[in-house]
Amino acid sequence: MELARGDFLALLGPSGCGKSTLLRMIAGLIPPSAGEISFPADPAARKGIGFVFQEPTLMPWATAARNVALPLELAGMNRREAHARAVEMLARVELAGFEDAYPRALSGGMKMRVSIARALVTRPRLLLMDEPFAALDEITRFRLNNDLLNLWRDERFTVVFVTHSIFESVFLAERVVVMAPRPGRVVRELRVPAEDRDTPEFRTSASYAAHCREVSHALAAAMEAA
Amino acid sequence: MELARGDFLALLGPSGCGKSTLLRMIAGLIPPSAGEISFPADPAARKGIGFVFQEPTLMPWATAARNVALPLELAGMNRREAHARAVEMLARVELAGFEDAYPRALSGGMKMRVSIARALVTRPRLLLMDEPFAALDEITRFRLNNDLLNLWRDERFTVVFVTHSIFESVFLAERVVVMAPRPGRVVRELRVPAEDRDTPEFRTSASYAAHCREVSHALAAAMEAA
Amino acid sequence: MISRAQALRWFAPAVLGFLALAAWEWAVWAQGIPSYILPGPVQIAQTLARDWDSLSVSLLVTVQITFAALAVAASLGLLLAILFAQSRVIEMSLFPYAVVLQVTPIVAIAPLIIIWVDDVRAALLICAWIVAFFPILSNTTVGLQSTDRNLLDLFRLYGASRWQVLWRLKLPSAMPYFLAGLRISGGLALIGAIVAEFVAGTGGTASGLAYRILESGYQLQIPRMFAALVLVSGTGIAIFMALSLLSHLLLRRWHESADTGEHR
Amino acid sequence: MISRAQALRWFAPAVLGFLALAAWEWAVWAQGIPSYILPGPVQIAQTLARDWDSLSVSLLVTVQITFAALAVAASLGLLLAILFAQSRVIEMSLFPYAVVLQVTPIVAIAPLIIIWVDDVRAALLICAWIVAFFPILSNTTVGLQSTDRNLLDLFRLYGASRWQVLWRLKLPSAMPYFLAGLRISGGLALIGAIVAEFVAGTGGTASGLAYRILESGYQLQIPRMFAALVLVSGTGIAIFMALSLLSHLLLRRWHESADTGEHR
Amino acid sequence: AVPGARVGVAQSLDRVIFHTDWRAQAEHGGFYKAVADGIYRRHGIECEIRMGGPQQNPAQLLLAGRVDAIMGNGFQALNFVRENIPFLCVGAVFQKDPQILMTHEGNGITRFEEMRGRPVLIGAAGRVTFWPFLKARFGFTDDQIRPYTFNIQPFLADRMAIQQGFLSSEPFSAIQAGIRPRVFLIADAGYENYNNTVLVSRRMVDTRGEVLQRFMTASIEGWAGYMAGRDNAAADAAIIRDNPEMNAERIAYAIRVMNEMGIVMSGDAERLGIGAMTDARWESFYNSCRDAGLYPAGMDFKRAYDLRFVNQRVGLT
């Protein structure tokens, strides 16, 4: 599987097939047991990764704002500026007013949004997202989908996006990769051509429905193969 | 809001509006700050609750099977029989073979399925589920949706089901309740008549789509109201 | 409701304490136990008041050594734990020496320390430190190892330096363990200061409570001895409560152990 | 790779230990330190071998008291922590007495205990217990309070009895804290056994290592004194390693602190 | 502990538990001899000796009634009076307190006065007994005190060191370590403390006076025999059994120096027998302690002792 700069790739597959594991490998957090992950010579390639883990993974002792500011502070930004950017990013995930809340006072979806804000705040060049919107209501989810897509269109960073929603995958990604379990492997890759996706009424178009059906079949096939 | 025996009620609402909190109140885990929750005189009413929390909430020191067997063992069933029933229930959520895995070796979706198995294993009379299927792929999710519905049709227990999927809520529930945030409150209730729902091709019917649209509008209204 | 629970929380211990003291006083009175065997609390209180001038000076000495030892134990224990957290090899290489220090009976090596260290005050401090540092070291080591693996991954991902991982991740999550160790060490530092003084038997004007206990024992001033013991116990409780409060303040926003306890 | 890391993990401490001993021997030899001030390790080893017959008997006595005290401390500490976990009121009412026991210098009350308890063995056991129980009590109390709130809710929901909550939820989640406390108490029980013997001054044939240390000290058989000290230290390390192993075995399947450490 | 051998005869023996002030040593020899040679039994007493040790305060055991009699010193008897505790002294085996200061031979210190201002290693108990005397008599000051932990290594290491000791013990250890100690007996400087005294409760004097008398007589006989070296084998064996750090050489040294210095047999004892005490000596001891600020003026020091059980010339030929 190749991943070019600026790709938007969605990863689908049955539960437990290794999507989270693959994401961790891409991020370099665990070594692959077989095969290899190669990066372009560009030394900065592995820098500037944003990762939304499947679980919120917040520091319980820090407020929402400090959690979001973490990557900036780790990169050496001064605290005041990092805080300002974190507050801004929290507002974008509709958590204005919750800057000083500790994680245990947040609802499940709110924690996940803090985690998303943290991944976006660094304007990463490679964004790895593990079911980031699963815990969100559909309206927030749609808006964040659109936000993400706009951001991506503007800045053309690379995205690998794990989701269980076929609709979401087709709506967001140029490339939809379907994985199968035991052993975890890529079984199918579908392309959603840009000319289709860039129409404003894509979501209600026939081509969208067709793509969805196709992905759906690929997924069903992947599960039977297991 | 009333809840009759045998109801299947879906709870929708924007993130942070208090759905999880309401579920906890129904379960009697936290007292309501205003208003009251009343139960029928039936003393067993609050017994036999099954609860799927938004987070898996597994005991890290116990295997999947022991986690599932927990409610049975707490109720006094002997260990061997509880184990047998836990194994059976794990198989129904497609985790056969993972009986002896510890939670930290399970993927996010697998943990959630263990948690679902734990809630179902007691054959509860009141089932409270907080986004149980959010972390599952759509195929597994559909099958579990159908399983749940069949189970409910057979045994007619009461279900309160939090979800962010409008499709899911309409597909599953007789009554869809929409909540709005700040302060958390019920703003709209829709009924999905049984005559529609009991047709096998409900999911692709026009009535289904119509209900979905209705819920979708209710939700949008709820969010604007906030 | 809340205020009642709160009140009970302070009221019950007070009542129980009062009852215990009353029972003690009554037993001493009813059994006619002479004060040279076991004085009653009233007499101890009177002695405490009467001898406050000399006892308070000793108390101050002991408290000073205790706090100095605790401060050194906390900082060195923490530093060592951090060092050990750097790699298993370091931990396995050095932990045995920490254990040796812990189990070496202070009574046995206090004389050696007093030989090697000229200044008696410094010798006492070292003794108290040896007694007090281990719980902090041991607990903090466990705490540093208990860091959430996912958060660790997150930090690695964002290229956090060793120092940042330590300072912003491992130390905060080791905090509950560290504070639990500190609460144990608080008492031990006091013990260490007292035992060392017992063994060393330093006296003179700058002598601490231990010497007062010994002295009163030799002179058979038993109520005075008990008064000094009461001061020791009181100091211990005060240290423990101060450290518990510290722990509560530091953890209450995020850690279960410092919850208000409504769930229990 | 793994085998190399594993090997290093055992090799490094061994090399370091050897170097430390060699440096000690060299210092003693080069500086011409007389053996009555500080014997070298070789001489200590020789003495240990020579006097093994008498020392091993004392070792056995000390080890017996230590283990008995540790067992009692672990069980009573655990029981008390459980009692305290039942309600804040009980905890606040009784914890001060535990602190009093902890901070009361054993050296000061050992004579009282010996007055009140006839059997010397029992008196020693009580002394060692007093020294050892607090870390277990304190750590386990924190551990029991650190139970995950969501799991607690789950148990409440399924109508778990107090006993079930305790046994199946609170105790397992307090386990890492309890075991950390146990590792501290292991050394303290040894210390307690030794200090109590110092104070009680039991002699004769059934005397433990403390008595050998004192005796050798008085007789200026310094190498023998160090040999006894080495036995004490060795016992302490053995206890610590045994408890660490226990902890590893109990926790490795689920708790971060017992991870193989690949993440570090 | 050395329980007196059980007697098979029907005659019932009076039981006395006697607690010494240190681990078994030659300084306790008379009592051990009285047990080992059956002297107590001849006087109808079954005596159990329990030995003391560092960090122990036998007086507390006596007060608590765990033992019948203890070995103590003059200060403790005066403490009883000051604290108004019904206990007292009924005999003093050591006419001279064997407490010494010692230093190294040939370092220029030849008199107590020359120790002024120099560090002295003093144990906790010494601080409330002979130290005030030294302060009052020779102008020592508290800042000279260094802790003594009954370990003479610091002394060995430092040629200028001065430390407390017991006549028969520390000097011997120093000699064994190859050092020539110079010994200063504090008693020779006018320190009038009685040592190796027998302390009992007033109730024992009042209700078991006759038993106590037999105990004292037997003890004195034991001491007379022990100091004369009349077949001490059994007694020494008992001492060594209780305290294996003792050996024949140590014991022989101790007996020799005690005899040389007249620890047991000097002054009043030559006239009145071992254990002798006199009002005059008590008064002068009390006065000097009072002057050193240890006891209040006007204390009824006579309640500290009872002369009836000694001064009977037992063992004198």
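For clarity, chains are labelled A, B, C, D and E in written order, and residue numbers in each chain start from 1.
Assume a contact is a pair of C-beta atoms (placed from the backbone, for glycine too) under 8 Å apart; a residue touches a chain by one contact, two chains touch by 3 or more.
In UniProt terms the chains read A, B = NitT/TauT family transport system ATP-binding protein; C, D = NitT/TauT family transport system permease protein.
Bear in mind the structure is a predicted one, so any value in this text is a computation, not a measurement.
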Intersection of contact sets, chain A vs chain E, gives C
Chain A-chain B contact: same residues or different, taking over half shared as same?
-> same
Please state whether A-C or C-E has more C-beta contact pairs across its interface.
-> C-E
Chain D to chain E: how many Å between their CA centres?
-> 39
Roughly how far is chain B from chain C, going centre to centre by Cα mean, in whole Å?
-> 50
Counting in whole Å, what is the centre-to-centre distance of chain A and chain B, each centre being its mean C-alpha position?
-> 26
So, in whole Å, the Cα centroid of chain B is separated from that of chain E by 86
Identify all positions of chain A at which a residue touches two or more other chains, and write them in rising order.
-> 55
The positions of chain E in contact with two or more other chains are 55, 57, 60, 64, 150-151, 153, 157
Spell out, as numbers or ranges, the residues of chain D touching 2 or more other chains.
-> 107, 111, 148, 153, 198-199, 214, 217, 255
So the complete set of touching chain pairs is A-B, A-C, B-D, C-D, C-E, D-E
Can you check the complex and tell me which residues of chain B touch chain D?
-> 24, 27-29, 47, 49, 51, 53, 55, 57, 59-62, 70-71, 73-75, 102-104, 122
Using the touch rule from the top, collect the residues of chain D that touch chain C in their complex.
-> 8-10, 12-13, 16-17, 85, 87-89, 92-96, 99-100, 102-109, 111, 134-135, 138-139, 142, 145-149, 152-153, 176-177, 180-181, 183-184, 187-188, 190-191, 194-195, 198-199, 210, 213-214, 217, 225, 229, 232-233, 235-237, 239-240, 255-259, 261, 263-264
Can you list the chain A residues touching chain B in their complex?
-> 12-16, 20-21, 54-55, 106-110, 113, 130-131, 134-141, 164-166, 216, 219-220, 223
Residue positions on chain C within touch of chain A in the complex are 148, 150-151, 153-160, 164, 168-169, 172-173, 175, 253-255
Residues of chain E that touch chain C when the two form their complex = 55, 57, 59-60, 63-64, 75-76, 79-80, 82-83, 85, 122-125, 127-129, 142-143, 145-151, 153-154, 157
